[in-house]
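In what follows, structures are represented as structure tokens.
You will see two complexes here that share subunit A, one where it goes with subunit B and one where it goes with subunit C.
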Partner chain A sequence: MPFKRYVEIGRIALVNYGKDYGKLVVIVDVIDQNRALVDAPDMVRGQMNFKRLTLTDIKIDIKRVPNKKTLIAAMEAADVKNKWENSSWGRKLIVQKKRASLNDFDRFKVMLAKIKKAGVVRQELAKLKKETA
Partner chain B sequence: MSYKYHQFQVVGRGLPTESDENPKIYRMKLWATNEVRAKSKFWYYLRKLKKVKKSNGQMLAINEIFEKNPTTIKNYGIWLRYQSRTGYHNMYKEYRDTTLNGAVEQMYTEMASRHRVRHHCIQVIKTATIPAKLCKRESTKQFHNSKIKFPLVFKKVRPPTRKLKTTYKASRPNLFV
Partner chain C sequence: MAPQQRKPHVCRNPDLIRGVGKYSRSKMYHKRGLWAIKAKNGGAFPKHEKKAAAAAPAEKPPKFYPADDVKKPLVNKRKARPTKLRASITPGTVLIILAGRFKGKRVVFLKQLTSGLLLVTGPFKINGVPLRRVNQSYVIVTSTKVDVSAVNVEKFDDKYFGKKVEKKKKKGEGEFFEAEKEEKNVLPQDKKDDQKSVDAALIQSIEAVPDLKSYLGARFSLKAGMKPHELVF
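Our next item is the complex of A and B:
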């Protein structure tokens, strides 16, 4: 099984540990075997251990260590935000965040919606059963 | 990023006497964990170079030196003198890091692990930022590639906070990327 996601300049990674947990960052340079210089539009460029990063499929086209303006322009050009939010991984994370931020009234609304959906599904199932019976 | 070793600039001189009204002022840049240790180290080195001790000298200034560009990667060369079990040796080591304090910290931990040399047996002679062309060690030169690309081969997924860590897990981990 060859590798598909490489650590390279321009690779987007998700931070999976630490203060910047959940952020999407760009690998802007490699310091050594364990650390990368990492940048994002809303943080100061800094170093991060690869153990704190999970590589994604998204890669943008930048040169080694671009300045903030070029980085933001390149991220806009590659449409990172939309690509991430439409990917299955990105969508799952958004759903998780939404679920964690529900208050009691929202959970009540979710419960009603689930019951309604189950009712509709059961009606369709009953119809199909009647047709085959 | 908190560093264990901080870089200090320590300035001191011998106390003025009747024969010597304005003794020469000496300045040293050294690494220590705190200011107190830095001052002590300053007198240690100065004693070895000049006929002056802490008791007949005065500290003029001690300032911490901070990294000017902590967001760029540099290649640091460190010249050191260390004491092994059989004698003193000189060494030159190279490190890739964003800050000089980080490189010095790497040096101390590497000397401890590779040569079992503790902190107090190491003296930093000189440090310098080395341009990529003049680096001597292969392990730093291999990262001088603007199109560097490698896969992360072994990926253990950790719990995102230490609070969620458990001793036992239901299933064996999947280590592939």
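Our next item is the complex of A and C:
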């Protein structure tokens, strides 16, 4: 039961409350027991309570409080975006966002696709059952 | 306006604070150049001649004075105009009807009539909704659009949908009731032809989009887990 994800400089975290909800940010410094200095390529560097952050597995190699240019370069080097989008957590979030933005027509098309897929699966199952029977 | 565009004049007497101007009355008199206008006019400010008042026809005293004071109704300057159409509703938008015998049906919007109601059609062949008027409040607007450029809806207005006034027949007993019942429910052939002509072009553009025909044929319903305030239409 030891901890695997630590608060450290360079840890990528997901904001889970507040104005920047859903964003990936980098912890660039620790202010005190409760707060971290946090930065992201598209936001002004600022403090955030740890309670607003959820740590991820991704870590980048930076020194304490780098400037924006260095930060962006480090993020590119570690390929944060792709790592996140290919992780199961990141993929789940992308699917959730897509589902929430579906149009009424899109939902109808999804329903048709589900029915079709279920039909194909059922046919295959019936074939397999026949073989073993 | 004259062809030369004049530069809009900056305020001659700017406010120091609200209600207090920078310049006094005498200074403003000088700034406006009233002294120059007077000088040009020989010492007095130029005056217009008063227009000769048109002689009002002599009013006769009224013949009748009401016993108690009669109240005048209040002035009402409101103009009747059709309901403001939501910006998301454009010709060709798919709407979901929420009330009435066609509740849940997905339907194509054609135009807004002068009464404010929306003219809408199924198309009839796809979901059984004829050319019909629908109130904007009883409708969910989806973001799906159908191409309606080939459809002509000029001839439809509120009168087309009004109840037809029947000529009163002289009452004859006995035959009276049977004859009435037979005539009632037949839809006139010209309305059927109108429906067909509007739908013909529409159905072509609908069949161009995959699955759209079955979409319009299906009814909308809320299922488990659907939260209307979170759904994107």
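In this section, the second predicted complex is superposed on the first by the 133 of 133 C-alpha atoms of A that agree within 3 Å, B and C clash if a C-alpha of one lies under 4 Å from a C-alpha of the other, contacts with A are read in each partner's own complex, and residues count from 1 in each chain.
By our rule, a residue touches a chain if its C-beta (ideal position, glycine included) is under 8 Å from a C-beta of that chain, and two chains touch if they have at least 3 such contacts.
All values derive from a computational prediction rather than experimental measurement.
S.K.: After the overlay on subunit A, what do you see for subunit B versus subunit C, clash or fit?
M.R.: fit
S.K.: When the two structures are overlaid on chain A, which partner does A:Val65 contact: first (subunit B), second (subunit C), both, or neither?
M.R.: Touch partner of A:Val65: subunit B, not subunit C.
S.K.: Can A:Met48 be said to touch subunit B (first), subunit C (second), both, or neither?
M.R.: neither
S.K.: Given the touch rule stated above, what does A:Asp29 touch, subunit B (first), subunit C (second), both, or neither?
M.R.: After superposing on A, A:Asp29 lies in contact with subunit B but is clear of subunit C.
S.K.: Please determine whether it is subunit B or subunit C that touches the greater number of subunit A residues.
M.R.: Of subunit B and subunit C, B contacts more residues of subunit A.
S.K.: Determine, under the contact definition given at the top, whether A:Tyr21 touches first (subunit B), second (subunit C), both, or neither.
M.R.: first
S.K.: Answer with first, second, both or neither: which of subunit B and subunit C does A:Glu8 touch in the superposed model?
M.R.: The answer is first: A:Glu8 touches subunit B but not subunit C.
S.K.: Between subunit B and subunit C, whom does A:Ser101 touch in the aligned arrangement: first, second, both, or neither?
M.R.: After superposition on chain A, A:Ser101 lies in contact with subunit C alone.
S.K.: Minimum Cα separation, subunit B versus subunit C, post-superposition (Å)?
M.R.: Scanning every C-alpha pair, the shortest subunit B to subunit C distance is 13 Å.
S.K.: Share the list of subunit A residues that count as touching for subunit B in one structure and for subunit C in the other.
M.R.: none
S.K.: In the complex formed with subunit C, which residues of subunit A make contact?
M.R.: 100-105, 108-109, 112
S.K.: Could you pull out which subunit C residues touch subunit A in their complex?
M.R.: 94, 96, 106, 142-144, 211-212, 214-215, 218, 220, 230-233
S.K.: How about subunit B: which of its residues touch subunit A in the complex?
M.R.: Where subunit B meets subunit A, its residues are 1, 70-73, 96-98, 140, 143, 146-153, 155, 157-158, 160-161, 176-177.
S.K.: Hey, which residues of subunit A end up touching subunit B in the complex?
M.R.: Touch residues, subunit A against subunit B: 1, 3-9, 16-17, 21, 29-32, 37, 44-47, 50-51, 54-55, 63-65.
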